[in-house]
Each structure stands twice: as C-alpha cells, then as structure tokens.
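Listed after this line are the structures, all set down as structure tokens.
Each of the two complexes below includes chain A, the first together with chain B, the second together with chain C.
On to the complex of A and B.
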C-alpha cells in the first residue's frame, strides 16, 4: 500500500497544527530537534563556504605542496571546487586530499575567507572514513602517527631502550618496509624524564597568584621529547609572577586532523576543552608553547567541534610569546639582558601555523631586544615537514623539496643554530642542516632567568620578584578576564 | 508536387524536438528548423522541475495525473537528464492546514505517492529548512536538465534520419490558396552545423505537413499565413544560487503565488518564479525587484538564502493559450494544458497544425499526441515507442551506479561527467589525448568539450548547453577563452574570436542581475583578468585598423 492510499489522518504526524499553540510546541521540540545538534564533522555540509571563492588562485600559489608536486591539484580544487561539485549523498572524496600537509597556508592566503582548512579537514576525514581500507598499511601507519601520544608513554617508560632500538638502522628499515615510515629520518629521542614527571617531582607551581594564572597546554612533544622547552615556559612565566597550572590534557589533535582521524581528534578535543574550560573558570588563560597546538585549539576546534565551551576555550588560548607581549612589557624586561654564546646568531623559521595566527613577526622583534643576539629570519617558506606528513615514506621527497628553500636560507644566514616554535619544523631544520635547533622560550629563559637550571633558590628569587610585579599588574589582568 | 521532407517541425524546444524524434522513430522523413540554438526559447529558460504533479494536485488534477505518469517514464528513458531529488511541499505556521489536507488528498486521487513529514523530519531531509516549518508533504518531484534532454531528443531524431537545422529562422510560411506547403528560412551561416562568419543564405523547404511548435512565438508564425493564434506569453523570473542549499525540490504548500519553489539544479539551486503577461516574447523588461522578491520570499523557507551568493538571473516566457472567448484575466489562472490547433478544422487552411501551451514535464506525451495526429493525416500507421526507447545517454544506466569508471579523472569531476554523459561516457571520455579540466567550476574536461563541438560546430553556446562549461560561479571568466581555443585549429582565428565574444556576452547578460557581494567581486576579477591577460578591455587586434607591428621594439 502506498503512502498515498493510507487514510490521511493516520499519515499526518500528530504535531500540533501550527495555528495557535505553536509556542509550546516549538519549545517542546527544541530538545529533540536532531538538526540542532551539531552534525558530525565528517557530515558537515560546507558547500555554502564555496560561495566566498571567486577563483583567484591565490591559495594555489601559496601552497607549498602544489609548488613541488604536479600531481597535487591544490587547495582551490581541494576546497571550494570539490565542495561545490558535491551532492548531499556523494561520499567519494578525491584521494589527493591525503597529499595536503595541512600547513594551512592556503587558509591565511585566501583574500575572501574561504574556510579552506575546514574543508580539507572534513574532506580528509570523509576520505579516511569512506574510501580508505581500515586494514591497509597506510591506515594503520597514519593511525599510529596520529596517535603519537599513545605510543610515546610506552617509549618514555624505557626511554633509553626506546632511543636505542629506534635508532637502529634495522628498526628504521623495518619501519619503512612494514609501516611506510621513512628511514631517512631519525626518530625523535625520548627524554629520560617527562615534563609532567618533573613537574610532579618539583611539587608543581612555585608561584601562587590568583590574579595572574595560566593553564599550560604543553602538548605531547614538549612533555615526552623536549621537556626543556616546557620547563623554560614554567620558569619564564613564574619570572613574571604567574601561577602556572598544568591541567590534564590529551593530544591537541593536530596530527589527527592531518591524517583524517577526526574521531580520535574529537575524543582528544573533548578532554582538552573540558579541562581547559575548568582552568579558565578558575581564572586562568590557556598558554601553548607549540604553534600547532595553539592553532588547533583556536581555529580547528571551533570549526569542527561543538562541545560546550569550545568557543570560550578558543577565545582564551594564546601563544606563549604572544601572551607575554600583550600582557607584560616583554621587550622592556629583555633590555640589557644577555645570553651565553650558544645563542648569539640564530636562523629563525616561522612555522606556518604561527603565520596563520599572525604571529610570524614577533620572535625576531623579541630577539632583537636581547643584547648579543642576532636572529635572522629565513623567509616565509614552509619547512615542508608539516607534522606527520614528512614522516611518511611517500611524502619524504616532497617534504624535502619544499624544505629546500628554507635549508638554503639557513645555510646563507650567519648562524649555526636554528630557532623555531614548532617541534616538527625543528626536526626538519635539524634534518636538513645538521644545526642544533632551539625554541624561543629557551632563549627567553636564558635571558630572563639567570640560572637556567632553575635551582630552588633561583626560582624562589625570581618568583618573589614576579609576585611583586604581579601585584602591580593584577588589576589590569583582572579587568582583562572579566 | 515533390516535397523536400514529409514533415517540417518549426521550433527546437522540448515540444519540437520531442515531435521530431517521435516522427523519425516511426519512420517519417522529418526536418526541424530552429532560429537559434536548440532550447533557445522557453525550454532553455525554465525552472528544471520534473513535476510529480503535486503542484497541480488541487487545481488541475488532469495535469497532475499526466505529470506523474510522464515523470515515471522520463526517469526511465532519460535517466541521465533526471535527478531523483524528491520534493517537499512545506508548510509555514501562517499557511493553512486545510490546504495541506487538500493537497494530500489531491495527490492521493492522482496516484502521486505522498507522505506527510513533521517539521523535524523535514529538516532531517533538508537541514537548511527554516526552524518554523511545521509540516511537509514528500512527493517524487525531480530535477531535469532541459538542455541535455532536448539535445538527446534531437540527436536521436538525427540517428533515425531526421534533419535538424539550428540558426535557421522561419521568415515566411509558403501558402498557396488554402494550403500551407512549407516555409522559407534564413540560415544564419549556411545550412548544416554552424560556422560563424560563413555567409547567410535563405532556403525554401517544402513539406507535406508543417507542425508549428514555436511556443510563445506560435502567434508570430501563424501571422505569416494570416492565421490567428492567440498565445498569451507570460514571463517568469528565476535566480540561480551559486551552490545547492537544498538537494530536494522545496515547494511552498499554499494555493498559488510568486516565489514559491526552489529546485536543485546540477551544482546550483534555482529560485522561482513569477507569472506576468507580456506583449512581446522577445522584448520585455527584466527588473531587479523581481530578483529581490525571489530571495526575500524564499528565504522564509530556507533562511541561508538571504545571505547566499547568486550567480545570475534569467527570465522565460510561458506559451500560455486559451481558446478564444475564455477571457481569463490573471495569467496564473490560465490552464497549463496544451492545445493542438488543426488549422484545417479551425481556419480551413490545410497543411499545418500549431501546438501551444503545455509544460516541459509532459513534452513526450504532447509529442505523442501530435505525432499520432500528423501520422493520421499522412496515413502512417506506425505506433509510438518513445515511452519505452531510452534516449541516447540513457541506454544503460548501470554505468551511473555500480563500478563507475573514472577515466583517470578526479572523483567529483568523474562523477559529474558520468552523470552528464550517461551511457555515452566511455565514448566521449576514453581518449589517448591529454584530458585536462577546461571548466573548473563544473568539472568539464576537454574531451567533453570536443564532443560537443563535434555535434554543434563553432557555436560555443551550443557547447555550453551540452556540457555546462561556463555555467559555474566564475560565469565564464576563467574558462570561456579555454573553450574557445578548443575550436582551433578546426576553425580559424577570426571564427574563434567571434565565438568567444558571443559566449562571453551571453554569460554577462545573466550576471548583470547578480552584481552585489561575491558575484560583484567575481565580475570585477573577471574584468581585470580579461583586460590584463587578453587586452579584452580594448584589444587593438580586434579594431579595424591594421597594427603596425614593426613599430614595436624588441622589448630589449
């Protein structure tokens, strides 16, 4: 029996007639209204975003992958064109989306606010969901790279063994053959003590200040691999009188977005938003030392997820240096400071994700304030590694080709040390030049905190200084957070 | 007297092409003449709705029944031109419940499958529907590409031996006493496929029988033989959105009114329409307020339309007709049924019938009835097979579903190309030549453009309607010149330039009604791009005077 043959009254849902009573009806509906629930990111309809594109191709000319790889169709196709050609129930996404490194340069280049990276992220997730075999080597490898955080704790339990095993060429060869992880790169070494272990041992914050609080989002890399960066952040912020909180946290999600693992990213983001929102509630601002982590929380979370407080967390998250420049007289504090020889000449690379946040100029300005440091900007090219991208066997060559310009500029600059804020950029810089690479916070620590070792006495001293300063500024910060 | 052809069909819209195909399939020798491109009349300027009949289920049940029958046939024989979108009649709080009930009963009476959805269910189907839409009736409306369907009919007619002449305007009816025996046409560029710049000619084509299927222009043709065919042309506006806000046809569930329907069409969604009588189907005002009204009124149903980008607007004229003496005042009340006027019975002039009225969805049934009539006159006994025989491109629909071949193209491009070409996809897209995308907005490749040029000569608007190239958001800014270069070396430089100008002009015409926001930026960018890369703001090479190239230095 067709629907048309059913008695009419039966087939009319019992919803109230619209005349009168509409109000109660609507409010009753609201709770269960399925379309008011934010759709899964993979199912978002981003076709309206294509309205902004007038096809100028600026995004294409700024894409580092398109520049070196003729097979990659570029962001304009990947984003607005592909979306516009889509129908509600089409689910095939072109595989080239996996070649995009998620550097987000297209995003900041577009003069017309096309949500390019949001389009790439959802397309990539849909591709992985619908088109990639869950048993393929590629999928397993990507899942593993994306979930670095899950593997890292194992390695750091036995860091020396892990470093030794991972460094063996047999292991690396196996990595390439079985997982497609390039054997050209040295896997990152694990610290013998993670940042969080150090933090606990140290007894947590040395400064208490309810008017100046930050919640530190350290991310995975500075916890497991470069705790010196995380420690530097703590000491620098304590120097300025901040109370540092280190909330529970998961991976920022950056590697998961880049690998189309949106479900994994969603789980991680949910924890982060919840924990960071609680810290904000306690009066803290969120500070990240890794440019991809801050990027992710500020831009990608609100574009892709809709947890309660996503927007609040995004709006209250800052890059570590940016925050000090806005809330403290950072250059003033740096005047007349000096640093050891290890920092005198440095080749600075601004990570793409800093660029996208408009932060690509700040480091050189800050460095210039320190006596004896000559920091050279090596230009606006992309380092080419883009997180897990350059680790994949099939991307290694592209990644090195993209990095070539940066390597050359580093070579030409009068410096033997590299400087950046992104952990994977720093791996690429080291891999391409052999230089030692530092994080900006490490330099600030050396300049501001006289004994970088952070002995108890020193930290105590700087914190009391900080506290004095802090009181002077507390009202200002107080009004800020209102 | 020996005739050039048995039947001469005037007008290359859906009606004319449908009749030509039907006659040719019945073995009748037929010639079709059209003054412009195929679909240049109303057929190329309609809304693209494949009626389920739902729109007529209350007011005109005979039409509604015919619509659902033909709707089902076209899904079968023209699957590559039809998208089975489904349709909704949505009710807003201020719309009457009584009418919704009537609509539902009407659908049931006419055999149109109809289900009522709650507002929430309707929003699950179409997430951008307004929050206060209270209920909806779901019906099997569809979207149809009139260009492709019309061209497929003409192509099949030719395969069955018909002669199809485009750019051949009827300038006179040949009448001797009380008999019409043919027409005089003016070929814009000589007979056959169009080539710009070839000199125009005139030709007398004689026929045993003439079928006047010139729609809104039927009165003008009739007048050439002093016959009075009182067509009442009525204009309607349609506004094209840049992207699809909806993938289902959205109708407003209320008696009648302007701006009450949104039809998803290929990559776009089309808003419509109005109904206003005009004096001359070739010359009527196109006004911005009509466009504004579409957007304002329809955003009550789909609010994001308010802020969304439109890429162009266009107007079409309905070939409405009513028998002398009916005297309906409001054009919206004139019947949508069609009329077959046998001038022998009506005016005592033999040799010709005129067809007026009707709608696109029922073109095949109309064509069948007229062909029956003509066959009776000619004493042909073959019967109609157009309801069973698929059109070229729809012979084997499995290519669209399982195991779609991508011919080395990226997925959305492959999918759209396959959908446009249907079962012709392999013939067209399998090529050893490089096959780059020529039109990026619509994902049209060089092979498809070449195939269209092969069908229609140097006319790039004919290529456009076959492929959709230049119909996307840049409105030709980035692809017209690429399409034009595909004409070379088959055609010389002068022809290529002329064809390019003509196409770009046509694109610009519709874009004039969308010049704000993003489309204004697009137009500015197109202008700058064409000026700086092709001198098209003021190209000395297209001027009358010879350029003295020797005056230029070597650039050193």
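On to the complex of A and C.
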C-alpha cells in the first residue's frame, strides 16, 4: 500500500529531501519548485517531467520517425526512459537521439504534460557534447547546417555566383561525399537582395504609430532566401496601421536545437531575447512569420534558457496571422477581397511547429474569407524534412518516407500551388511534388494590398491608424520601388 | 477581438466530437468550433462502442453468462436498452432518456458507415479482447466482426513475440475456459519485417498499410504476403484467424482482405490496450467527419479561463450568468474565443476534465460543482474492484445537460456538459463509457445547435 501513502497531489512536494544548498528563492509564486535530488545544481531538473510519464505511449504513436525508421526507439524512450537510465552511472545518451527530427509532435501528444522535446533537446546536446567527435564529418556537417545563418551572408554577398555554384551537380556530389548532405535536394537559392537590405533602402518603416507597434522577427530564411515573405509581412501590417520595427536578430536557434548545438543556440537566443525585450519595452509585440521561429521563442527558450526577460519575450511573441486575427478584424478586412489566379487553388500543409502551437486550422479558416480561393488541407501528416534533418544523407530516405502521405494528398488535391508557413516544409513540398509553394502572408498581401506591391503602404498608411476596412483595397497608384 | 463562433465545444474526444457534429447537424448555418488541448483518450480506448455491458449494483437481466475478470460477480447485460430503464435517476442515461441513446447510436452509425458493425440488433455483441475476456458491446469495428465469441467457428489466435501485450495461447485458453462455443488455439510467431523488440504499433501498421518489402527466408516480399506465409503453416482447419489490432492504420480493410485471401480463412482483430489502433482509427473517422461538416478545430491549446456576461432577466428562472467568452492559452498569449453556446466535454479524471488535489475535487475550467465527500479517505474503498466513489465524480447536469450548482441552480445558461466530465456513473465497471459520451454528446450538441438559432 505504499503507493497509497504517497501524496496524490504532485505539485507540492511535502517533504523535501535535504540536499543542502537549495538556492532557489521562494518568491511567493506557487509554481512547481523542483526538488533538488541530484548534486549537479547547474543542470536543469527534469525529474518532475519524467515522473509525470505514465507510459501510455501516446507520444510513440505520434512520432513520424518511429513509424518508418527501425533504428529509432521513439520519444518515450528518448525522453523519460532515457532520463531515468541516466541516473545510473556509466550510461551514455543513446546515439539514436540523433534520429529524432525535432518535429515536437510528442509534446502536444502527451496527455500528462511531460516536456518531451525539452528532454530530447538536452539529451541531444549532451550526446553531441560528450559522445560525438568534434572532428567527425557528422559533427562538422551538423554544425554547418545548424549555423546556416553564418554562411548565408557570404552567399548573399554574391548570390548569383553562390546559386550557380551550389546548383552544379559537382557541388552537390561533393556535398554528399565530403559532408553527407544529400545530393537529392536542390540547395535553397539566395535572393539577390536580402530583406534587411531592402528594408534599409526603403528607409525603414513607412508607418509611425506608437500605439500599434510590432517587432518583426524575420528569421534567416525570409531574410536571405524568401524576402518576398518578409516584405509581404511589412506591407500587410502597415496596411493595418502598424509601425514595424526590425530589430537586430540572430538565428532563432531551431536548427541548433535539432543538431544538439545547444551552446550555439544559447548565444543566438541571448541576442534575440535582449533585442526583442528592448522592443517590447518600446511597446511592441514580437511577430514571426516562420512557424519554427515562433515555436522556438515561445516554447524552447523558456524550456532551455533562463536569461532575464526570456519569459516576457516568450509571452509577447505571436505568429503573424494569429496576431492579426486577435487584434484586428482580419476576416472582415478580407471579405470581398479577391486574388489573382496564381492563388486560386491551393494545397495547404500545416507545419508540425504550427500544429504544436494550436495554429493548424488557422490558415484554412483565414483563406475561406477570401473570394475565389479554394484552399485544401492536405492532412495532418508531417512533411518529413524537419529543418536540417532531411538534408542529411543518412536521413533522406526516412524523410521522404514520412513525407509520402503529404505528397499523395497534395497530388490528390486539384491545386497546383502549395501553401505553408514553414520554409523547410516548403522545400519538401516543392521537392516532392514540383509545385510552387507560397506563404500565407503572400496571399494576404495579394488580397489586402493591391498589386501585391505595397503601394498602399507607401502612400496611404500614414493616415491609417487602426481603421483598416476599406483602406488599401482600391489603391492603384503603385509606386513600388523594388 | 475574439475569435467568434456560434457553438464552441471544449474537448476533442468521443463526446466532444459527437457534440460538435450534432451541433453542425442541428444548425446548418451555424459556425461550430471544437477546441481541444491534449490528444483525446480515444488512443487509450479499444474502439468498441459499448452502451451498457454490466448493470451497476449487480442488477442483471437474468441470463447465466460467463464470469469476467473485473466483474466477477456480475452477468453481462444482453439487452442494454432494457437495462437502461432501471438505472438510477442520477445516471446520465436517465438524464437524456433512452430514446436519446437510440438516436445517438443511429447518429453514430451514419457517421461510421461501414467502418462499424452491430447496428442490426439492439442486443450486445460479445467481442473477445486481448486478455481472452469477452466484452459486451453495442457496436464494434468491422475489423473485429469475424471474431465474435457468439460465432461457433473454430479460431486460431496469432500473437507476436515482440507484442507481449497479447499472449495468444493464454487468450485462447481463457476464451475456452470462459465457455466460448468453439475451439480456440493460440500460437506465438515472429512478425516479418519487425526488427526491434519495442517497435511501435504504428510501425506494424505502417508495414502492412504500405505493404513494405520485408526480408524473409525466401527473399524479399510484401509485408502482408510475408505475414500470411508465416501464419499459414500453423493453420489446422480453423476458418478464422485473430491478430492483435495492428492490421493497418489507413488501409485496414485492404490489409485484412489480402491476409484472408492468402490464408483462405477470415481474419479479425483482437482489440488491444493503449495505444490502440482501433481507437486511433475511430479518432480519424470522427475528425474526418468534423472536417466534412465544416467544424473548425483548434487543437493543442488549453482553455484556461472564462468571462461571464450580464444575464438577461427575462427568463422565468432566477437570473443566471451566461458565458461571454473563454480564454485559450497559447504559450502565455491569451486568445479570447467567443460563442453563443458552449459544450464542456473535457473528460473525467483520466482525461483531466475533473481534477483532484488533497482538499477537493474540481471541474477545471468553469469550476462547476462536483459533489464529493469532504474527507478524501471517503473518496475510495479498499476493494479495488469495489464500488469506488471517485469513479462517479463529475458535474451534475439537468435534463438539458446544463451543469447545476450545489443548490440545484444552473451554473450558466449557455453551458452544457457531455461525456465523462459528467458524474453519476462508473464507466469502467458498467462498460458504458462510449455510450454515455455518444448519448450526452449528441444531446448537448443538438441543444447547443438549436440554442444558437
């Protein structure tokens, strides 16, 4: 009957084992206070999470990798079971943790709030730190993929040359042979002008409004590769009368978490939290256009880091479309709008990192409000690329197997254009089907800001504070400068 | 600006999904939204749709049946609808009435189409489960149809070394001991293509769904053919073969057909414990229906708070507060969701719609009244399979399924409750979980739909 004597209520440890030096302060909140069971005080204590697991295996049934990859033991092992094993001496993190694609589906699957992805992130970091040779090809390749942002500025300086060189089959062959980056995929092309260059040329914000301010976290991809998405965000938000700020920023950290490069991620996160907190101080909310960037700031930062303001930044960060839905009458503004043929029929894929934020139904709901758009959800499967995961030679096949269901559904849908909010899902969708893939913000721009050119923003926005209806739909005096 | 709908259903299990579908059915032009936090407990469920397997308090309908594991002194109910009449007044079935239970089942039959069987009779079917026990149930997945215990064909049960949850020889022996009218035999084999001891049930299903090429002694073949070839030498005249429920996720009918053709015997699934593919398939079926019905689904985020509006005093009852909007938490951001009518279908103690701490038992979102003893040592009895008070914890509804407070007044004018967040019944002992969720979900959803017109 020893179980019966245990406290039913797991949120208040009644008797704390004394470990001496409990250095947490009891600042009066009733949040769970971790029991310091093990000596290493600098490590985060995942025990409450591990103890919450009652082994129902719901996470395992949600794991897209375990379904197709015989070498992957699933999230329940990678999380709570491995954590417990590690309490013994002489247990290394199992190398299979590198097979986790960090889609984070297990998080929202768990009925018992076990922080699975947090456990995976820390386990992966430990594996890379302790068990992976820093001179191995795998480490170098992963470090490079994780720090894509550091390479991107170089390529951006000479985008045409970079695109040409990277498109050469000999380059791809070399990439696979020397680095283990699959030659099956086309490397993303670099824009001839980055978003930030465009932003500077443009002279920054066209709308000043101290009551409605956003700080745009554009992330790497929409800066270097798809600036049209970032521009769309600026024009749509200016259409609604927002003052857009573009603070200094680093990578969100997503590819670093996924590759176990937690120190790299920490450095990036420190910059982001500092800059975004300053923007929040200036009255802005933080807006991201990439679902993995918003996921990272909202969930992974508070789970993994404890900079001052981490929580504040997390709580004030929003998905770009979600923010408009809650703060503006987006549906009302979209009523009676139309778009060109290129957007009339679309196959929408909800990225896992949108799904995990409860945003998977959002895009179809918003698209429904626009006349003439027929957007189909292609189902709840994972695209399979999961950021840098599907770029690795050894994961390519698994990645395509996971994506199979999505490809089939896209083929079945009548659409010829794909729609999603995640850059790497978008690469996978294009790779598997050959469709052109758009971002939801590009559709909103086409519907709300005529000519898709942001002319409204340039001319009429200074007068539009809040009242968005009727504005901008009729503007034809486009004087777009790019 | 709140996200606005006509009906907001909170909870995405069988009760919530049924409520949303019923609301959409009752009010064609209304906009219905379902908000669900964690994935539903359907993944833990057998996928069987029971109405009443055992009458509470040992009431039986007279038939001299088998003794079952957790209901050792009870006889399974043969005709659930007759037995419903004698349930206590506080039981959810009594609240909605027997006719509503029939309507709800018919509603389910329409949604399920040919994925479920059992609608040809009001009597319970007896479906063998993975322990070799027999469960009385009103509807069952078509994948289990060939395995019914009332069918007298001899049966081979096939288990797999890597799926220890289903011990086929033991299950077969248990079936025979329980008096099943046929010979049952069990064998344990190795599943071709499975290389891990701890492969997930989804891995088995995926192999069969996609008929992946797998390694066998005679070279590579499709997983379905390889499985049939593994089983075939063990058949000894049995005309049906039972497998643990891993025979496909997306294409179970095709998987069974291939196996049946290759074996020259009917194949069926034996429902398993969690995580359960028949439960997953039921969830998929319901969510496909929600999509077809135009119900909007927001998942992965919890409802954490609510605001009330000033009540109209036009009603003949004392002025009752109405819910104006609820607040959904998204990583700290608070998203208001507004609707005219609300349905609470957040589950019981397992689904966490009802929670307990050392002091009290609560309903987590609206703090609706949940009757319980003040001393927590009175919440349970020592006999594990005895009549556990905690099993009946839940909110108390009126006949319209609107939760009542401790004085018997309405908590809110526009809130209804459905499924295991309701108290007054012990679904585990009665085998009534799915039936109550269907019946109360159907009634709550229909009334909510009608209420917003």
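Everything that follows uses one rule, which is that the second predicted complex is superposed on the first by the 406 of 482 C-alpha atoms of A that agree within 3 Å, B and C clash if a C-alpha of one lies under 4 Å from a C-alpha of the other, contacts with A are read in each partner's own complex, and residues count from 1 in each chain.
Basically, a residue touches a chain if its C-beta (ideal position, glycine included) is under 8 Å from a C-beta of that chain, and two chains touch if they have at least 3 such contacts.
Quick caveat: nothing in here was measured; it's all calculated off a predicted structure.
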Touched partner set for A:327, first chain B, second chain C, both or neither: second
Touching partner for A:196 - first (chain B), second (chain C), both, neither: neither
Partner chain(s) touched by A:56 [first = chain B, second = chain C, both, neither]: both
Touched partner set for A:318, first chain B, second chain C, both or neither: second
First (chain B), second (chain C), both or neither touched by A:85: first
First (chain B), second (chain C), both or neither touched by A:93: first
Touched partner set for A:77, first chain B, second chain C, both or neither: both
Partner chain(s) touched by A:47 [first = chain B, second = chain C, both, neither]: first
Residues of chain A that lie at the interface with chain B and also at the interface with chain C: 8, 11, 56, 73, 77
Contact footprint of chain C on chain A as seen in their complex: 7-9, 11, 56-58, 60-63, 66-68, 70, 73-74, 77, 108-111, 113, 298-299, 311, 314-318, 322, 325-329, 355-358, 360-361, 365, 377, 404-405
Chain B - residues contacting chain A, complex: 91-95, 97, 101, 104-105, 107-108, 111-121, 123-124, 127, 131-132, 134-135, 242-245, 247, 267, 304, 308-309, 410-413, 415-416, 440-443, 472-474, 477-478, 518, 521-522, 525
Of chain A, residues touching chain B in the complex: 2-5, 8, 11-13, 15, 17-19, 22, 26, 29, 32-35, 39, 45, 47-48, 50-56, 73, 76-77, 81-90, 92-96, 112
Chain A-facing residues of chain C, complex: 1-3, 38-39, 41, 43-44, 195-196, 198-203, 206, 210, 250, 274-275, 280, 291, 296-301, 328, 330-333, 335-336, 351-352, 356-358, 376
